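We call the chains A, B, C, D, E and F, going by the order they appear; numbering starts again at 1 in every chain.
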Amino acid sequence: KNDLVFKEARIGVTYGLAWTETGGTMLPVETSSFEGQGELIITGNLGDVMKESARIALSYLRSAQNRYNYLVDNIGKTDFHIHVPEGAIPKDGPSAGITLASSLLSTICGIAPKPGIAMTGELTLTGRILPIGGLKEKLLAAIRNGMEKVLLPSDNRDDWEELDKDVREALKVEFVENADEAFGLLFDEKIHKGNGKKKSRDKRIKIREQ
Amino acid sequence: KNDLVFKEARIGVTYGLAWTETGGTMLPVETSSFEGQGELIITGNLGDVMKESARIALSYLRSAQNRYNYLVDNIGKTDFHIHVPEGAIPKDGPSAGITLASSLLSTICGIAPKPGIAMTGELTLTGRILPIGGLKEKLLAAIRNGMEKVLLPSDNRDDWEELDKDVREALKVEFVENADEAFGLLFDEKIHKGNGKKKSRDKRIKIREQ
Amino acid sequence: KNDLVFKEARIGVTYGLAWTETGGTMLPVETSSFEGQGELIITGNLGDVMKESARIALSYLRSAQNRYNYLVDNIGKTDFHIHVPEGAIPKDGPSAGITLASSLLSTICGIAPKPGIAMTGELTLTGRILPIGGLKEKLLAAIRNGMEKVLLPSDNRDDWEELDKDVREALKVEFVENADEAFGLLFDEKIHKGNGKKKSRDKRIKIREQ
Amino acid sequence: KNDLVFKEARIGVTYGLAWTETGGTMLPVETSSFEGQGELIITGNLGDVMKESARIALSYLRSAQNRYNYLVDNIGKTDFHIHVPEGAIPKDGPSAGITLASSLLSTICGIAPKPGIAMTGELTLTGRILPIGGLKEKLLAAIRNGMEKVLLPSDNRDDWEELDKDVREALKVEFVENADEAFGLLFDEKIHKGNGKKKSRDKRIKIREQ
Amino acid sequence: KNDLVFKEARIGVTYGLAWTETGGTMLPVETSSFEGQGELIITGNLGDVMKESARIALSYLRSAQNRYNYLVDNIGKTDFHIHVPEGAIPKDGPSAGITLASSLLSTICGIAPKPGIAMTGELTLTGRILPIGGLKEKLLAAIRNGMEKVLLPSDNRDDWEELDKDVREALKVEFVENADEAFGLLFDEKIHKGNGKKKSRDKRIKIREQ
Amino acid sequence: KNDLVFKEARIGVTYGLAWTETGGTMLPVETSSFEGQGELIITGNLGDVMKESARIALSYLRSAQNRYNYLVDNIGKTDFHIHVPEGAIPKDGPSAGITLASSLLSTICGIAPKPGIAMTGELTLTGRILPIGGLKEKLLAAIRNGMEKVLLPSDNRDDWEELDKDVREALKVEFVENADEAFGLLFDEKIHKGNGKKKSRDKRIKIREQ
């Protein structure tokens, strides 16, 4: 089984993790941009929920543009194309949200993500990251592909603690509550406006659950 | 079961209540906005009736813009994105109308709702709030999530009076006949134009029923 | 059973009458408008025939704009939203035509209809009103909701004469052949251009039938 | 059975003839127009073939605008709405082509058709009129509704000659080969550019058949 | 059986040949044009493959506009309407490609095709003409309708040579490899830019087959 | 069986290889362009995955426009039409990606590909070429059609090495990892900006697999 992983970091390419009936797999996401009319092109044989995830990712970044160092002058006049290879394989579900947003942000800022990092998590429109399923299979796929670190939703911490020790120790894991935390781990500080004076607006988000 | 509730009030986030086959649940609604062409993006795996509710909410606010302190200069050139997590769960029905409108109004005015308030009610285009079903299950979900107050349609008052006393006393309830009453309870007075000189146009609405 | 009727007259709200399998019901129609691109938004879970009725109503009023006192400067740059609550109940059929047109005209002119009037009738593009079915059930719904007057298609006069006397005497009925006659009964004279110098163009319409 | 026929001639209203399983019926067509973006709105519960007939009618008139006295300044910036009542009855087929074109032309020129004339015939994009089916039932409907004259496709002449004498003598019939011939019989000479100097371009059309 | 053939040549009308379950038939194609936004309207109850053929025909002519004497100033601001009567009969398949392109070219240049010529052949985007099926039935239809000449794809030459002698001698046949060859036979030399100085760019196309 | 292959190189025509149930076949791709609004027209009876491949190809070239000598001034105001004959045959799958991109690039630059070269490979949005299936059948089709060279995905090298020697020696094969490598083999150096100073940005792409 060939998983699609580039050897080197590239602008616009981030690595998600998908659950399939035959186990976990890497889910690379590619984004490109060009002058246009603000159109969002989505390819890769994606189902409706995953297409919605891509729209949520773009809207989140459009409403957060005062926080990051966007290269793109006029995001409303830029076309974005998000592609999730391989084209023949149907894909769906919300858990690629943070991967889609990271791929978009990398392209918008012209900054490559740090190499060796995979991630999974549903993204909401306010940047919150919701828990995902298939944690064990996803981590095994990341280990098999030589990933060094995986970003997981904070709300999956309990699931992670129940995993076998050898899985937990094979890979560095970071739990994130929101997109800004994930971006901070995935990119260096140039991605934030004001170079390193990271704003903490998302810090206000605390989840209260029963 | 994890319900999605933020610990602190946030601009654009309001809390509805949904009935499901396994009981009531919190139904948070998130709205963001950005310069555009007046497009309304709706995500969250919503059925046609709920998508119509979102359009009704926006049209109500567009026709009521002389009443509230809109931050948005040109609402017709603003794109709004309404998202109702979680993306994998199908949702439908009209009873999130007032929640959708409150989320939109919060974003349009840049004013966060008061914390700890949930709500449910179908919204009509003239701002009237129509009764909803599943009252008991919805109230139990609000109680379970630590809500302090719930806004209910006036036409559900009879249903509420038939509930067990312990449910009725566990939570402060306000009955509202129209959107303006709900907004008055959910936001502080800055949301109205003329700061506190609340117009009573909606007061004219009285319902006559058999 | 709750029928939706406002106690007071409101701009943009008119009252139709619908036939359902469980009897007649009030069918309120709400219209709002705002600056836009001439879009017609239609909500309320309507079937294709009823959506066509809404388009016919708007086109009739667009082509008749030299006859009425329109507040709207540029009807081609105005968006209209027509909503027929309740959102969860599917509705269809052509017989709400005159109700939809009256709701639109009220909004376009900024003039509320006289209170206590319900109506039913299919509208054609030239303003003719065609007969409807379910007359008895519709009249009973109007009586039950305290309506004082009902506007009916002239071509339903025979159907009306065959009803029981107590139904016929419980409610004032006016038979109308075209939209202009209906508007004359529903609104005061300010609605016509030239204030009371009502043009009789529609008077030319006489129906010849076998 | 009520057929829809106006007593007096009206701008934009022409009378087709339809075949149904229960016999022939009048098929009135109504057109209105207003400033717009060249949109063609088609209502009346029409099937795809009949919608195509409406587009063919408009395209024929757009390409023939140097032949007729159009009131409309810029036909490409005019919206047309064609409605075929009654809205609840599905209709389809190509044989209303000439009726649709006549209704449009009447509206575009602001000239009413002569009263008492019905017509049937498929229209092609170059103005040719093709034969129709259900001739006998259509003629009976025209007779029953007091029509004085019916325009028929030349290629239906044989079908007509095989009808009973009493049907043939109850109604004046004119056979037409193309739209221009039909328009010449339906409207007075003001409809042509140059007032009465009718151009004979369509005269060139002769049909050769086996 | 009536086939639709005009006695005289007309601008925008060309004659294809179709195979049906009951034998071959003439397939006239009509095109009209008018100022617009570059829209292509396609009617005649056509299936998706035949609609694609119409788009291919227009794109071929748009990219070949430096070769022909176009009357149309701005082809990108011209609307074209292609109609294939009769409207009630479904049609599909790629073999009308050259007929569609010839009809469009006739309209774009304002030059009528020579009379008595029918044609069949799939068109590709570079102007190549691909072979078709149902050759014998198509030729019989052309003979029956008094056609004098038929343009056939070069790759159908073998099929033609296997036909009975009486069919082969009843009709003049020309084999064409590409659209430019077909246009040269169908139109006089005024259709080419530089009046008769026909460019031979398409001559480069030679097909290599196994 | 006739495969569609031109004898001479033509601008905008490239040769893919398709697997079908009856063996491999040539899959020529044709592209034309004209002034427009940036529309991408796709014909040839293609399934959704293959349509997505065409969009990916165009987006890749739009985002890579600083690397190639584009004749097209404003790619965002150019319409492209990609056609894959024959129109009656349904086609699908991602493996024509590099063929589609090569056809587009040839048209955009106005440079014909070198003759006798076929290719196959899925293209991702960053230009990576992914492996394909049906290798043996595709190579046999290329041999049968007299191709001299075939471009294959690097990740199909193992599959190729397992083929019979006579197949491997009948045809020159080049393995490519990305689109830029394929373009370098298919076009001469004029296609690159700076004439022969080929940039090696894509060289950074190395694939790491398990």
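Just so we're on the same page, a contact is a pair of C-beta atoms (placed from the backbone, for glycine too) under 8 Å apart; a residue touches a chain by one contact, two chains touch by 3 or more.
It should be emphasised that the depicted structure is a prediction, and the values quoted were computed from it without experimental measurement.
Path length between chain C and chain E in the chain contact graph, taken as the least number of steps between touching chains: 2.
Between chain D and chain E, two chains of identical sequence, the interface residue sets overlap only in part, with shared numbers making up under half of the total. Look at where the CA atoms of chain B average out and do the same for chain C: the two points lie 30 Å apart.
Spacing of chain A relative to chain D, judged by their CA centroids, is 61 angstrom. Touching of two or more other chains is recorded for no residue of chain A.
Taken as a graph of touching chains, this assembly is arranged as a ring, one closed cycle with exactly two partners per chain. One full turn of the ring, starting with chain A and passing chain B second, gives A, B, C, D, E, F. For chain F in complex with chain E, the touching residues are 1-8, 10, 12-13, 30-36, 41, 43-45, 81, 83, 85-88, 144-146.
Listed in rising order, the residues of chain D touching chain E in the complex are 38, 48-49, 52-53, 55-56, 59-60, 62-63, 65, 75-76, 93-94, 97, 122, 124-126, 128, 130-131, 155, 204-210.
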